[in-house]
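When the chains are written out, they are named A, B and C in that same order, and each has its own residue count from 1.
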Amino acid sequence: MSFLFKWEWLPKMASGLVVTVEVTATCIAIGIVLGVLLALGRVYGRRPISLPCSLFIQFFRGTPLLVQLFIIYYGLPNWGIRLPAFVSGILALGLNTAAYQAEYFRGAIQSVKKGQMLAARSLGMSLTQSIRFVILPQALRLVIPAWSNELILMLKSSSIIYLVTIYDIMGVSQKIAARHFNYFDVYVVAALFYLALVLIVSLLLRLLEHRVQIPGLGVHADRR
Amino acid sequence: MLLKAALLNVELLLSLLAVGFVVGTIVAVLQVYGGRVLGVLAFVFEWVFRSIPPLVLLFLVYFGPERFGLSISRFLSATIALGLCSSGYQSQIFRGAIQSISSGQMMAARALGMSRTRAIASVILPQALRLSIPGWSNEFSGVMKDTTLAYVVGYNELLRSARAIMDRHYDAAMLSFLTVAIIFLVLTYTGNRALGWLEERTRIPGLQVAGWSEEGHS
Amino acid sequence: MNMPLLKVEDIHKRYGNEEVLRGVSFEVNRGETKVFIGPSGTGKSTLLRCVNQLTPPDKGQVFLEGTEVTHHKSDINRLRASIGFVFQDFNLFAHLTAMQNVSIGPTKVTRMHKEQAQARALAELERVGLGDKANAYPAQLSGGQQQRVSIARALAMDPKLILFDEPTSALDPELIGEVLEVMIELAREGMTMLCVTHEMGFARSVANEIIFMEHGVIVEQGPPQQMFTNPKHQRTGEFLRKISELYGETER
């Protein structure tokens, strides 16, 4: 019983890899921007702002990603909103990771010492300036370990978008497997693709962590 | 109909939490006490199952036996695949807890004449498992949500039932998926409350860990 | 039968480049109390751990009633069960009550029946004056109380001897007395004890012999009276004077 993976399938798998990376990068970018805003809203916003932020975060953290995807892709048309498959996929993943990232950012913002804000305000900085020039630069560094994990989780989670017919690694594998009726071997290769991807990304993240490290600004030990 | 399907999710949840718990504990113990060879193997195991997307694992386990002329039920394949996935996370939680226990505990146990295995079972694990509850309740929520992934191998869980409703009444798509979302919010909330209660019940003065990180399952 | 209870022969131990123990030998007879003193870092604690193999020595042998503890085929867990060990930082099991801490040894190691072990544990707790704290968890006890529980934990195993590794060093001064009292009582009852401690009042009142160690070897050993008044080595005298000033000589 030999391994039934044909080399000519590799370029297709590679194109799937590109899609996976693109989708992940886009969603993470959406997640950072939206996540920081949500976190700031929760920490510094008054109730009319902080409450919706909390509800958003709770909904997207408390329900399965697949359900979120189906609500956006199959549900929204009921309300007259019809989005292309690709947009639906990106939106579901982006909003999902935004909610998780918001919680990491919030934790980091709250772990910046109280005195930092006091010192900034006593220099005459406005609240926004203090956040921008003093709190966030520290918080963003503190959040890197947790955030790295989110990035890797996103690489894996992005595989669900094959369900709305997008050809990422998973989608391409599914297509090849169905056509040649050879599921197992194709998915073994898919698994290897993901392993390689995760390995490379982890190494890059470790480099990043070293690059932005500041003496004395401890990144809290995080086991994730 | 949806509520009935939700029971299938809970059933799957319990069985794969159990798989993840048993395998995760063993892996964590090997990582800390297993010596070089077993330790490295345990780390590789954890890394692999934390790096492969659960969907890929599901397909591998579901189609794997078929490749060799066997067959496997949807439930069993989901339990194995998602259970192994969870074991990768749980081993990390347990390892952190084990490592946070001071080395003096092991030494005192050995000084009493306990064997290593006995010391791990009677002294280290009872403490580590208690310390793991906060981290574990995050994992619980993650696994709870992961049960919907069994959708892709055709397990008749909540999401598939909602999908079936949609196929018959297209107008009800939003309603049925939102209902599913709410059921999950309730399940997760209830589960976390139960675990909070368990944590309270098993709390021992002076035995706690500060600063557990959030678990980020999607 | 004139065999010493414990015989330690030519123990060597090296950590990396540093040779912590450089050939230490001594004997202990049944019912004796020996006190090890010496500057910190001279391997006294390591020596105690070599005795029950928590730290295996690189070279040398340890015999308990003629059985070689250091032999690779000896049942080390069974031997350890008969050698009590009291740690500097107590190391009480954090998830167990005082009572459970004392009874876990008898139940799990010597397979004593549970009720019997509990009765035994309670008796040992009463012996160290903590019968009323049986249901307290370690974190709810003071340092002195924790150390007394850990002594009870050692006693519950019916040890042939007990090793004390600086049992009062981690304690606040006002808590030291209660632990020493228990130890003095034990010594008077005829327990065989090896103590690493700088409590000279304790040494004077119950030790049969003081052993002065420096740089991984025994410099001098002898009865307290002789060591205090007429040491053979200048270093011994200097050291004893220094710690007597630091810790006080009077019995607490």
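Keep in mind that, in the parts below, contacts are C-beta pairs under 8 Å (C-beta built on N, C-alpha and C of every residue); 3 or more make two chains touch, one makes a residue touch a chain.
Everything numeric in this text was worked out from a predicted model, so none of it was measured.
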Common touching chains of chain C and chain B: none
Chain pair whose interface holds the most contacting C-beta pairs: A-B
Central chain (by mean CA position): B
Chain centre separation in whole Å, for chain C relative to chain B (CA means): 44
Chain A and chain C, separation of their C-alpha mean positions in angstrom: 56
CA centroid of chain A to CA centroid of chain B, Å: 21
Sites on chain B touched by chain A in the complex: 48, 51-57, 59-60, 63-64, 66-68, 92-93, 95-96, 141, 145-149, 151-152, 159, 162-163, 166, 170-175, 177-178, 180-181, 184-185, 188-189, 211, 213-218
Residues of chain C that touch chain B when the two form their complex: 52, 54, 77-85, 87, 89-95, 104-105, 108-110, 137-140, 150, 153, 157
Complex contact set, residues of chain B against chain C: 101-102, 104-105, 107-115, 118, 122-123, 126-127, 130, 204-207
Of all residues in chain A, those that touch chain B in their complex: 1, 58-59, 61-68, 70-71, 74-79, 96-97, 100, 103-104, 107, 146, 149-150, 152-157, 159-160, 162-163, 170, 173, 183-185, 187-188, 190-191, 194-195, 198-199, 220, 222-224
